[in-house]
Amino acid sequence: MKRTDETETILEISGLKKYFPLREGFFSRSSRFVRAVDGISFSLARKETMALVGESGCGKSTTAKLVLRLIEPTAGTIRFLGRNVLELGGKELLALRREMQIIFQDTFASLNPRKRVREILSQPFRNYRMDTGNLEEKVAEILELVGLSPPAIFLDRHPHELSGGQRQRVGIARALALHPTLIVADEAVSALDVSVKAQILDLMKRLQRQFDLSFLFITHDLAVVRSLADQVAVMYLGLIVERGPVRRVFSNPLHPYTQALLSATPVPNPRLARQKKRMLLKGDVPSPVDPPKGCRFHTRCPFVMSRCREEEPELKEKGDGLVVACFLHE
Amino acid sequence: MRFYQFWLRFRKNRAAEISFYCILVFVSLALLAPWLSPYDPFALGQRPFLPPQSGHLMGTDDLGRDTLSRVLYGTRVSLMVGVLAAATSLIIGTAVGSVSGYSGGFVDELLMRATEYVLVIPRFFLALLIVAMMGTGITKIVLVIGFLDWPEIARVVRAQFLTFKEREFVLAARAMGLKNWEIIFTEILPNAIPPAIVVGSFLVARAILLEAGLSFLGLGDPELISWGMLLSDAQERIWFSMWLAIFPGLAMSLLVLSINLFGDGINDVLNPRLKEK
Amino acid sequence: MENILLDVRGLKTYFHISLGVVRAVDGVNLCVSKGEAVGLVGESGCGKTMTAHSIMKLVPSPPGFIEEGEIWFRNTDLLRLGEQEMRKFRGREVSMVFQDPMTYLNPVMKVGKQIAEVLVSPTRDRTVIKLLESVGIPDPLKVADQYPHELSGGMRQRVLIAIAMANDPPLLIADEPTTALDVTIQAQILDLIKTIKTEKGTSLLLITHDLGIVAEMCDRVYVMYAGKIVESGDVFSIFEEPLHPYAQGLLRSSLSIAEFRENLETIEGTVPNLLDPPSGCRFHPRCPMAMSVCKEKEPSLIQEKPGHEVSCWLYEKDGRDRNHS
């Protein structure tokens, strides 16, 4: 991908794969795999937001966990801040982890129900043995930063005593505590109500500007992508089918799957909605255990050609940093 | 959860609340036994086979010892054995369950097969065998019961670990670079302990019964008075001095029932959803 | 009016829990005409689902009780029907489709049997297989012989719709029918509901938090906040000229793929606790235009334009006087 020289690439992923073995029975050695992520590549610059979109089972959440090395990839490389994440261990990995944090979708599951906000937020500082003298002050400071003010009323609460939006703010505060370079947001606003969603997105945008953060945003919601991301990668069955600048992809989607996703997303505008032509896909997403041969989308594609059933299309450059994997555009 | 809220919710279950008070009474009786007992429980010299009457509220036995005093001292032994044995099981079970659930894979398989093995052993007969071989003595009895009764705890703790280790706050802790032991102790264990405590409370009741069974067969600690021993002594004379069996039997039934209902009550508070169904 | 199929008046559904009374639905008026698609929108906890459950008389009781109100379906007040009569009503006159089909399908019964169970009068044209076909299931013979867990989420929702439509009820209530589904599957299900509506003339009461779905599916919209209807009107006037500050905020903060917004506008604060709702207008603590009267008195629903009602002091020109008389 072409970029101007002043932007620094912080994350570079190439040929990343993750196969999960299928447990088929007691003591059995499994030979079948769920091909959750099947060879994806992309890169992310500082201060930039990349969105990974796709429907459930496309491998986007697995990618998030791989990037943070919460699970080990089957193949591929992850370079973060110039270092190969997969080769690091011990102290070096710990140091690198400080630079990348994660925010989750389920605000209940992402906070330990038995800890108070104070304990949840002092954990990162303790873990990195930062000067703990003014720990209380630091925790209050980040609470203020994420809009939970005055901090005093939130410090001693347990997660269940907060609203969904407030819990997500605590999750963001925890991720932000160590001033990371990259924040991976796994469906971070999907479970929130409309008005709260806007608040949280607004907060994330503000924090991004303030701290020069990069976001890797995992979501199924294209409207969120539109309002937040610079780059978007559309995933289908473990592969990226189209990737490029958000404006470009949204105004002129090339891959039929991207087109279908965009046309399926409801627009909160009754006139537009009534004019819009629907592109309905047939059937369900095939199983990632036995993905279709050739182009993985061919079983649902309205423009399928005989070639699509046999050959697998590769990502081809289409100018302006846009790449697409479809024979229609060769 | 705040203690007060916990108490409010616990109190909704009337049976559990009453059981709680019952247990409190038993605990205070055990603690205050030396002061409450009207006679030395070992002292002979009263008239034997006195039926319940003023002065001997529960009568006297064949050697003229006061049954009330003996039942009170028996409470100490039963409660002590119950609590200590259950605590031993709790520690072993929690350790096995934590390691098993957190590590998964081969270690998990191995530990769980071992757990199942212990679970299927007829506990009472093994306890009988071990005590008969190693000799009686309160410490040995506690340890034998404790070492035989941990599998359920292990399974509950393991199940909790399996659920919580995939929770996102644990992932967040890992992303933050926490070490495995830190995650086990600070993130997961506090969530796994409450259900283990519930199972533990049932184990207290079971340990009391097991100890009584051993004593009944003459394998209790001869130095101490236990309810099982009282029942054992009473059995030959049950037809003409029934009180010797009735009072220790009642005490034991009441305590065991209370502990079980109390455990149920705690379970309801911790798993409110189960109760609705 | 003859055309009105469902007319809910002054509905109040409260939950009596140990901490007090939750006023989940607090005086809701709502009507659905024949063949009309009506949307009920609001954020979680605003009482929209409980409104639907009250109409079906499916409120878990205790702790929930319908305290007041009337629910007229044609010429019957559903609240006066006994459980026996109500049971006949459900499925034949009003059906409901839920968010999570798995909890409403029996996991140990084959799909075909579950549909057969609700069919009141099977005929040659009205068979399990025909029904499955009509909801767009490609291999109905196979699906009828499967258990719910063997089906995908979209298929399960189709089965649930088949069950709901088995006896051709004139009114279908859909409670977040696509929230658990992927976008492309959501589009399929919405399309199916639209088809059913046009082919059979079924009226639709659609409950959702997604303004996009409302814009796409509905003719008329009710906006609900903290147990009350704050605004209602036809879909165009609600989306293009929202009157209530909450509706305005909701629309401004909702995201769209059609436009990029540099700065998102938000509604400050959080949804109130219905155990102890704010005095006066329930939106006043979050309202950017709150006046002193908003804290004190509850605004009534007034007709601002034909067919467009709003409950807000900004529009009650002579509000204070009216309240005194």
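In order of appearance the chains are A, B and C, and numbering begins at 1 in each one.
Definition applied: a contact is a pair of C-beta atoms (placed from the backbone, for glycine too) under 8 Å apart; a residue touches a chain by one contact, two chains touch by 3 or more.
What you see is a predicted model; the values in this text were computed from it and never measured.
Most remote chain with respect to chain C, judged by CA-atom centres, is B. Of the two chain pairs examined here, A-B and A-C, it is A-C that is joined by more C-beta pairs in contact. Per-chain Cα centroids separate chain B from chain C by 52 Å.
The mean-CA centres of chain A and chain B are about 50 angstrom from one another, to the nearest whole unit.
Separating the CA-averaged centres of chain A and chain C is a span of 32 Å.
In the complex of the two chains, the chain C residues touching chain A come out as 43-44, 138, 152, 154-155, 182-188, 190-191, 209-216, 235-236, 239-240, 249-251, 253-261, 263-268, 270-271.
On chain A, the positions that touch chain C within their shared complex are 55-56, 163, 165-166, 193-199, 201-202, 205, 220-227, 247, 250, 260-274, 278, 280-281, 283-285. In the complex of the two chains, the chain B residues touching chain A come out as 167-169, 171-178, 182, 187, 190-191. Contact residues on chain A toward chain B in their complex (touch as defined above): 65, 68, 70, 93-94, 97-98, 100-102, 104, 106, 109-114, 123-124, 127-128, 171, 174-175, 178.
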